[in-house]
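I have a structure I would like to understand better, so I am pasting it below and will then ask my questions one at a time.
All chains are identified by letter, namely A, B, C and D, in their written order; residue positions are counted from 1 within each chain.
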Amino acid sequence: MEYVIHLSIVSGIVAILGMSLNLIVGYTGLLSVAHAAFYGIGAYVTAILLAGFGVNFFLALLLGMALAAAVALLIGLVLSRFDDDYYVLASLGLNIIIYSVFLNWNTLTRGPLGIPGISRPELGIGGYRFGLTSNFSFLVLTLLCAVLVYLAARFITRSSFGRVLMAIREDEQALQVFGYRTVYYKLAIFVIGAVMAAVAGALFASYITFIDPTSFMLRESIFMLSVIILGGLANTNGAVAGAVILVVLPELLRFVGLPSNIAAQMRLLLYGLALVLLMIYRPQGLFGKYRL
Amino acid sequence: MDLFVQLTINGVIAGAIYALIALGFALIFGVTKFFNLAHGAVAVVGGYAAFFFLEHAGLGVLPAAALAVCVAGMVGFALHKTVFLPLRRRQATNLVLLIAALGLLTVIQALIAMFFGSQFHPLSQFAGAQEVYRIAGGAITLVQLIIIISALAVFGLLTLFLKKTKFGKAVKAIGDDEEVAQIVGINTHAIIGYVFFIGSAIAGLGGVLVGFDTGIEPTMGLSLLLKGIIAAIVGGVGSLSGAVLGAFLLGLAENLGIWHISGEWKDAIAFGILIFFLIWRPRGILPR
Amino acid sequence: MNAKEIVWIIIAIVVIGGGWLLLRDTTPADTSPIKIGFIGPLTGDAASIGENARAAVEIAVEEVNAAGGINGRPLEVIYEDGQCNGAVASNAANKLINIDRVPVILGGACSGETSAFAGAAEQSRTVTLSYCSSAPAISQAGDYIFRDYPSDTFQGAFAAKYMTETLGTQNVAILYAKSDWGNGIKDVFRREFEEMGGNVVAEEGYEQTSRDLRSQLTKIKAANPEAVYFLGYTEASIPGLKQAKELGLNVPLFGGDAWDDSKIWTDTGPAGDEAMYSIVYAPLNEEFRIKMKDRVGTNEITICSPQAYDGVKVLSQVMEKVGTDSEAIKNELYNTIYAGGVSGDRIEFDENGDLVGANYIVKKAMNGVAEPVQ
Amino acid sequence: MEENILEIKRLTKHFGGVHAVQNLSVVFARGAITGIIGPNGSGKTTLVNLLTGMLPMDGGVIVSDGATLRRMRAHEARFYGITRTFQNIRLFEQMTVLDNLLVVLTERRVFASLFERHGAYHLKKAEALLRQVGLWEKHNELALHLSYGQRKLLEIARAIGTDARVFLFDEPFAGLFPEMREIVKRQLEALREQGAAVLLIEHNTELIRQLSDYVVVLDSGKLLAEGKPESVLRRRDVLEAYLGE
């Protein structure tokens, strides 16, 4: 049962990442592979404040979201000049640069040593304090966050704003002629997505109680991208489904009983193969409403 | 002064390696216009094929290297035939191709790790002791000289070949406009297939030479490739001379850059250059 | 296949798989194998360390079982990939803890792996014996967390002392891998070395995936050190040592225990001559080397493989005595002394679960082999 | 209020060495359809792109309601009441027909668009527009699933939905069946009734003769002739420019 709770927490965190990235990639058509950077910013701010200064989790979470928003604004400004392949490449470069900062700014992030001893969230009402130390209570918090993000994503995509995002994806230049300053929309959704990713980062840091830069590498961004490509672009439900599938399926593979020397590589192999086959046979993913 | 000379030499060596990757990448990009991320995997295939021929088939250094280059070329050709061509036939967008290529990169690296293990293998032990030459106070080994010469020779031969032959003209025509090229009777699919072979073979050569200079491992593909792509973009996308220029520029900037910045920022420097160029000079130094 | 079918198939797989996970029998019979978990990077950038350690564990398990197992029950190891990544290692540990219900996890390798699941292990009272995590912070990770790999504190201090007192060097440069291990030892070394009056003339890091260290070495050479403290793993050290020689950096190179891998010295050949490194004293390990070579095909023994091997031996000794209850194992580990390991002649744990008093010696490479220095 | 909504003076655009539009000065009148004809490559579409800011102009000015603009950016076109259709149809393909229309009706400000307050009004208006071109039955289809003619109609409806005062139609009749032509014609004439300035790029001289009040002939980016359709379309140089292509 604990294992199921664990997987649910991880799925919830990945689902938040998937839903937020889907706003950027699936709805707005900006193929960003920099999402792990914001995930990392959320995680690091939370970790540093919790482990170093004993700040309350929820305050740390808010600060993490704020910093992610600020960085996303800068990065979004840079990225707003590119499209298609160049967007991918530029976002990839920015992810690597931010990863380098996590890795090399030792005085702040402790570099490769990582930050241990991050505490679980604590709810304090008056003199009564309640720590979310059990995995079950943490699952409730994670699901609460995931549901909030889900509702936010649904609200955004069903609003006029969301319609503009899709139109940007389809034909940005034509949309401009109809009076939209598309660059602001792109920036806005990029920042919104980054803030949501920061929530996931804060949850991750607090759940695992330890973070180091390896969790925020380019590889993670590519994983998040696979989540929504598999689940389906421009579909919030699809992003959730993709997250659950990509978290649970590899875990199931642990039970297949392959010889240990190929089991691990087999997982990578299947993952790569899935990407190729999806692109060939179903480029919109399982539940996608948008074909790349 | 010595420091400067040596850092410059280091930069040129790194640049030559990047150039070999960037040349093949730019050649393929020139006709297909998509970012072939599987290009990095092809370089790994080249390195491991050489390792296989040296270690298990007992071949000499030159035949093993030559065969490895061919294997890399054939793998590139096969990827084109089985994945990229069908996708391009149905007008898949660049992003679809890019993600498929990413999947291929993952698959190939996993396969190599399954068959050869994840260890690091230097190939230099098959080539015997290394001669070290001194140039203006800086040091360079024979392998490194060969890398620089190969990069320049491949660039020269490739340019000449594309300029002088009918094949080269067809490649240029496809690069300008694939549909028009098809209309005037060029068998574009066949030509693109050959381009994949040539480009991948060059990357394979890069992989082999990296193996002799430092060593090979299954995961080296992505970092090699990313440097190659940066070089190709900084130089001017799709242009061969641009790719070479960009590669040497990148190599020099990385290695001279850490003169004053600590070495662990090397990757950040490389990608910083990429972002800088993308913003202020997106067509590169020598646009096609 | 249309979308709906695919969806249904996947839902079916997830439901069936999940149900099977929940419902299957997890109580082992008494003659059944004793299962313990293993976590290490079997894929990804650090895969060579994890694969090599797995080979060492397999050898140890075979030896234990050949000698009759643990009280007649064979030992079985469930290998899980941690990818040197906190999130992945945490998934792996949760599976081992909650599904396989292992009493002991041998792992993880990277400090990032161990730190990421230490909380879960502590909470579920699962004994964790890391064979590779060196980060000083792991000492405080919990009662159930042990390691038979020394904390960085010891090695950095030893190297500082050796380089000032025995080698008599005052001005050294540091070249280190940007990993928990490299960075951790570097920090301790630098502090201790400067406290002893030494002077660090240059400090250069490199990303773990980097194989071209020429420019870092060029800068180091220009700083004119009397010696270089070079903390690298096998993959970067082989080219790094060669590149140092090519560049004419003819000062003593001093490395960490990761250099106790004969692959480095056979592959670098003469370029490795005169290089030195510190390593925990271990009396006999020829047999282990031969067995490793039989298994992995090369003479490679990466950092931590000896500790992984010893870890299995220590655990079997403990389980032989107190059975498979994890609390009993934990209590016994604090009291146990294991002698004659391949990673050290005496393995025992202090009250933090750290290896006690690592006894370092220095080895020097010559003609492709590393031999202890008198 | 001035008679001329839009005027261009000495407008110039070149691509490399090629002059796509050269020193072009034209006046577009209120309540009139101005036909623009000329051989392929004569700069017709470039002119539309310049007027909507999709290309930056290299010289000259655009005068909108008497205000002189040296620069027009794409998102500003709507502010000056200019809208367009595209020769090669640029719909928002993977969006529904209804969304294609709604997107040009709704709130332009970023944050206000998140909290749209006039949704019901926009929906009614979109429905009316779609009914006008006979596409309401298709409103839930993706734009890419429409037939060629329906796509053209949707683009025209989208342009009309913007409430612009200057409409630039780039070959709206090309490839349409007669019944659809009639729908388009009705739309154009209705716009003229309402006092808009309509620019009509069209190859079919018969249509130009029927519809336009004024004709501008371009050749190699330069003004070749202008005037009433009857007189312009009779001129020899105009005919030669056409026959020469």
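Assume a contact is a pair of C-beta atoms (placed from the backbone, for glycine too) under 8 Å apart; a residue touches a chain by one contact, two chains touch by 3 or more.
Note that the structure is predicted; figures quoted are calculated from it, not measured.
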How many hops, at fewest, get you from chain A to chain C via touching chains?
1
Most distant chain from chain B, judged by the mean position of its C-alpha atoms:
D
Between chain B and chain C, the Cα-mean centres are separated in Å by 34
Averaged-CA centre spacing for the pair chain D and chain A, given as whole angstrom
43
Mean-CA-position distance for chain D and chain C (Å):
70
Calculate how many whole Å lie between the centre of chain A and the centre of chain B, each centre taken as the average of the chain's C-alpha atoms.
32
Identify all positions of chain B at which a residue touches two or more other chains, and write them in rising order.
110, 113, 262, 264, 267
Find every residue in chain A that makes contact with two or more other chains and list them.
103-104, 265, 268
For chain C, residues contacting two or more additional chains
43-44, 47, 51, 178, 205, 207
Of all possible chain pairs, which ones touch?
A-B, A-C, A-D, B-C
Residue positions on chain A within touch of chain C in the complex are 1-4, 6-7, 10, 103-104, 106, 111-114, 116-117, 204, 208-212, 214-215, 219, 241, 244-245, 247-249, 251-252, 254-255, 260-261, 263-265, 267-268, 282, 286-287
For a test of understanding, state which residues of chain C touch chain A in their complex under the given definition.
3, 6-7, 10, 13-14, 17-18, 20-22, 42-44, 47, 51, 54, 79-81, 84-87, 90-92, 94-95, 97-99, 110-112, 115-116, 118-120, 124, 135, 137-138, 140-141, 178-180, 182-184, 205, 207
What does chain A use to touch chain B in their complex?
31, 78, 81-82, 84-86, 88-90, 92-94, 96-97, 100-101, 103-104, 222, 225, 229, 262, 265-266, 268-269, 271-276, 278-280, 283, 292
Complex contacts: residues of chain A adjacent to chain D:
155-156, 159-161, 163-164, 166-167, 169-171, 173-182, 184-185, 188, 289-291
Name, in rising order, each residue of chain C that touches chain B in their complex.
43-45, 47-48, 51-52, 178, 203-207, 209-216, 218-219, 221-222, 234-235, 238-239, 242, 246-248, 263, 266-267, 269-270, 296-298, 300
